[in-house]
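Letters are used for the chains, namely A, B and C, taken in the order the chains are written, and counting of residues starts over at 1 for each.
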Amino acid sequence: MEIRLENINKIFKGDKKKGVEDTIAVSNLNIKVNNGELAGLLGPSGCGKSTTLYMIAGLKEPSSGNIFFDKEDVTHLVPEKRGIGLVFQNYALYPHMSVYKNIAFPLTNLKVLTFKQSIKVKTLELLISLLDNDKYLEIKDLINSSTLDSKKINKDLALRNLINKYHISPSFAKTLFSLDYSSKENINDVIIKAKEDINKEKEKLSNKGFSIDNEYYLLDQDNKRIEEKRKLSKDEIDILVRDVAKLVQIEEQLDKKPKELSGGQQQRVAIARALVKKPRVLLLDEPLSNLDARLRIKTREEIRRIQKETGITTIFVTHDQEEAMSICDDIFVMNNGKLMQEGKPIEVYKDPKNLFVAKFLGTPPINVFKGEFKDNAIFVDNEKILDNVTLTNEYEDKSSLEVYVAIRPEGFIFEDNNETLGLSLKVNEISLSGKEQTLICSHNQRLSEQIKIVIDGDNPISIKEYRFKIKPNKIHLFDLKTEERIYFKDISK
Amino acid sequence: MENKNNFKGWIYLMPAIILIALFTLYPLINTFLISFLQDYKYATGSSSGFTFDNYAVLLGIKEFPDYLTGKGQIDAFFQYALPNTLLITFITVPISIVLALIIAVALNSIKKLRTLFQTIFFTPYVTNIIAVGMVFGVLFSQTGLINEILGTSISFIPNQGSEAPTYFHAMLVLCIEIIWYELPFKILVFIGGLQSIDRQYYDAARIDATPKIKRFLHITVPFLSPQILYVSITSFIDGFKEYQAIAGLFNSRGTTSLNYNLYTCVYFIYDQIQTGGQNINYACAAAVILFVIILLFTLLQLYVSKKRVYY
Amino acid sequence: MKTPTLDQNIVLVIDKKGKDTIKTTKLDKTLKIIGLIFVYAFLLIVAFFALLPFYWMILTSLKYQDIGHFTVDNKFYIPFNEIAWSNYIKVFQVDGFDIPSLLVNTLTVVGISTIGTFFITVFASFAFTRLQFKGRDAVFMLFLITMMIPSELFVTSNFITMYRLNLLNGRWQIYFATMAPFLVNVFYIYLLNQTFKQIPNELYLAARVDGKNDWQYLWKVMVPIASPTLITIVLLKVISGWNAYAWPKTVVMGDATYAQITVALRDFADFSIGIGSSSRDLVTLQMAGTVIVTLPLIILFLVFRKYIMRGVGRAGIKG
């Protein structure tokens, strides 16, 4: 489903008596998330990203503007009628319910729209199909092999094996387990009995004026299926819960209480609970912030996999740019309640529209210097770092301008010679990590706290001053006042 | 250094320890001992030896010895005090807990005027139960407001110029008064508990389209279970100890006529002392019986709650 | 036997009346407002019942009643010129309800016992949380256990003790007997312990560096920091002291001159004392007396509402 936010504003009313002013949490926000995409709302804390998510969920109401799910205007619709799944930052798993019950809980509220079926006939037919033609031997083997260490058959294990193998409900598994497999005659008796029951049931139905089609749906006199709206049965819930548990890989934990699980497992349960009701949209609020670094990387890949497998439109909120960059189809960078930039992660990274986005994306962060554009060249502290360029767009006619010069850490080239172009940096610290080394440097015109540059690990560096060459495409210029991007082009050719 | 500190610690604790020893620990043992003494006279401390008879008489197994006076009072323990105590407790405690829970949930669901309502609901807590009893006496008097509203002239309270009330009517007013008086404390504790429940659980339930009644049963009640357990243990204890409400409502006589039929266990104990104390050994035995009942019931609640209370 | 596999054609649906989102939204809003009206109506009814006895008490105390008439009317208001302010003068002249001397008794006992409880609690909590000595935890355990035992188990024996020590006669003897068994309240000690425990140890070390001894540290640092809790404790003690009935009644069996006001209030309308044409029989005067006993605490509560409600809510102390 496509999600559209149009001119969304959210103002939290202050209290004039207490001198608390109104806060503008979100201002004039326009966002469009395409069907089946994984979109990331990205920004520092307090930028309005969580408020935006909660407005999409319906837990908060926009002060103005509209929210659309496809063509449906859901702006003021209560959350329970939006058909969404939401994973909370601290999961909000019900601590007094088992994992199974937590996941099943949303299903107990839902209804299904379906056609009336003869479950009895369907079940009996399935029974026959599983037993007939000596296939019962397979079941017999499975039950007989369901032992723990002793030779005795473990009933719970046998039931679980049956459920997993044949994708059947617990009650049906119990029926299978209770059959006597010792001789073929016994099984044949069961089959004959089942066939008789089917005929009886069909007869009963036809007396009432119904017939059954080949998918066991009841047909009325006009040979039409009969629609019905009803609650899910226990067996249906069981199958849905086990399906989603399998999807997020927590089948083994279903009987535990949430507090017995690790953070990562709790996260999966929370996702399972959001997904089990097959929502139109999945919303994740800082889903990884409570996990440790190693789990975070693993879990974000999981989220990506689950999202791709289900194909569900997903929006997730994070303050961690690396997280968003690594798994999102699209990112929306927000700051102070405003949308700063949107696009594919790599495009936003390569082409930041303003200084905020440039600084917010990338690890280590971009290095910002105070610099100058003059004589068709870019200078930092009177060192020419790039020449033969001219400003474009609205800055085209400017021949000189003070600017912010931002250079990505990977934009430095180590060449131990004194070229005309380059930037002198004093290296203070070196940390080698395999094939790369990160240098922490100082410069008197820097605006970021530290200058961090990343170069090839083979370069012989020691603690002293070097002059680095700069890759032109890693240099971004920004307006001192508006902090908007200033584009420039190469005029050497 | 350590010795010096040892000494100092005991000095600071001395007042508390002396008072507890004198007025709590010693009486505890003393009461227990006296409850097993025959013909105990508190003025002299004399007795005619050890006996189980005090308990036997109170529990209706043995006849009260005819050489002593006050048979009516003593017999009333088993006949009225014990059943009344249980009746009052098992009527007022569940009703007031459920009411308090509903009121607290309603209070918690509003924003405007919440503090005002909370203050109003809490005011009975600081009020004197004796004063409350007297006001209820006026409200429920035979010519009082309640009778006028109901269009009846039922006698609820033994008072001037009215007929003797029936046991049922007297008990009815008593229970209403106790519930009215006990609500504020419970509401306050429940409100505290409700406010500590993370909103996210409710948000999660809303997203999952959980109906309100289900949110109450599957989220509010389990999350409030520690408070419910706490309130139910303390209120059952208080219920078993009911006395002042009766004194406040029905004057200093625990009866609708003259047969002590509104006695409770604690009323019995105080009345034994206040009417001269010649059978004080029975009062001691009654106190021990009450203690055992409270102890057993508290343990039972803790045991039952073990599986149902989520901490 | 039920359906073994989930039907592929099943669609999970949200229960939405009709498919028009805007209509649903409007309906939900209306339902929400109706729900809110119900909640407020319910709360108003509860508030009415919570306040009715107070209103009735004040109202009745201001109605006219002649001696010999046991009843007054049940009107919900009195015209201003018919208000019987004189009831509040008459109530001071009632036999056996000598308000000034009852107030002296009550204020003396409540005052002294509150001060006593304050110091005992502060000292005990200081010892339990700040000082280290052998047997500390055992003593605390013992204290906690006494908290679980119903006080009715002590009264008979305490009465005998008071009798033997000849404390049931004479002004100061009765005052002492009234307050002594309830000077230590383990709940208060427990409550203060919780507050004292939250004071960081660094403050103690800093005070030691500044040359303060334990005594100075207690009064200059710990008590001021814990003052909200201490105010709560003092207020709760005042409330329970003022409202105490059973034990104070027991110790004044011999000499009602030194009774607490609450005890005297109950005896005010004790019909067993004798029905007659005495002004004690007047409901209006009884209610005037009740107002005098009730009002001080209600004012105290309204002024210190936050302290009292927080204290009760947090520790769950019963009065």
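Throughout what follows, contacts are C-beta pairs under 8 Å (C-beta built on N, C-alpha and C of every residue); 3 or more make two chains touch, one makes a residue touch a chain.
As the structure is a computational prediction, the values presented were derived from the model and not from experiment.
Taken together, the touching pairs cover every possible pairing of the chains. C-beta contact counts were set side by side for A-B and B-C; B-C has more. Rounded to whole angstrom units, the spacing between the C-alpha centres of chain A and chain C is 54. In this assembly, the C-alpha centroid of chain A lies 56 Å from the C-alpha centroid of chain B. Per-chain Cα centroids separate chain B from chain C by 15 Å. Shown for chain C are the residues in touch with two or more other chains, namely 14-15.
Looking at chain A, one finds that residues 78, 80-82, 110, 277 touch two or more other chains. Contacts with at least two other chains are made by residues 209 of chain B. Residue ranges of chain B in contact with chain C, taken from their complex: 2, 5-10, 12-13, 15-17, 19-20, 22-28, 30-31, 34, 42-43, 45, 103, 106-107, 109-110, 113, 117-139, 141, 143-145, 148, 158-161, 180, 183-185, 188-189, 191-192, 209, 230-231, 234, 237-238, 240-241, 243-244, 247-248, 251-253, 265-266, 269-270, 272-274, 277, 280, 283-284, 287-288, 290-291, 294. Listed in rising order, the residues of chain C touching chain A in the complex are 1-7, 9-16, 21-22, 24-25, 28-29. Contacts from chain C toward chain B in the complex involve residues 14-15, 36, 39-40, 42-43, 46-47, 49-54, 56-57, 60, 70-71, 74, 119-120, 123-124, 126-128, 131-134, 136, 139, 142-143, 146, 149-150, 152-161, 163-164, 180-181, 183-184, 189, 214, 239, 242-243, 245-246, 249-250, 253, 262, 265-267, 269-272, 275, 281, 283, 286-287, 290, 293-294, 297-298, 300-302, 305, 308-309, 312-314, 316, 318-319.
Of all residues in chain A, only 57-59, 78-82, 84-86, 88, 90, 92, 94-97, 105-106, 108-110, 273, 277 touch chain B in the complex they form. Partner chain A is touched in their complex by these residues of chain B: 198, 200-201, 203-211, 214, 218-219, 222-223, 225, 310.
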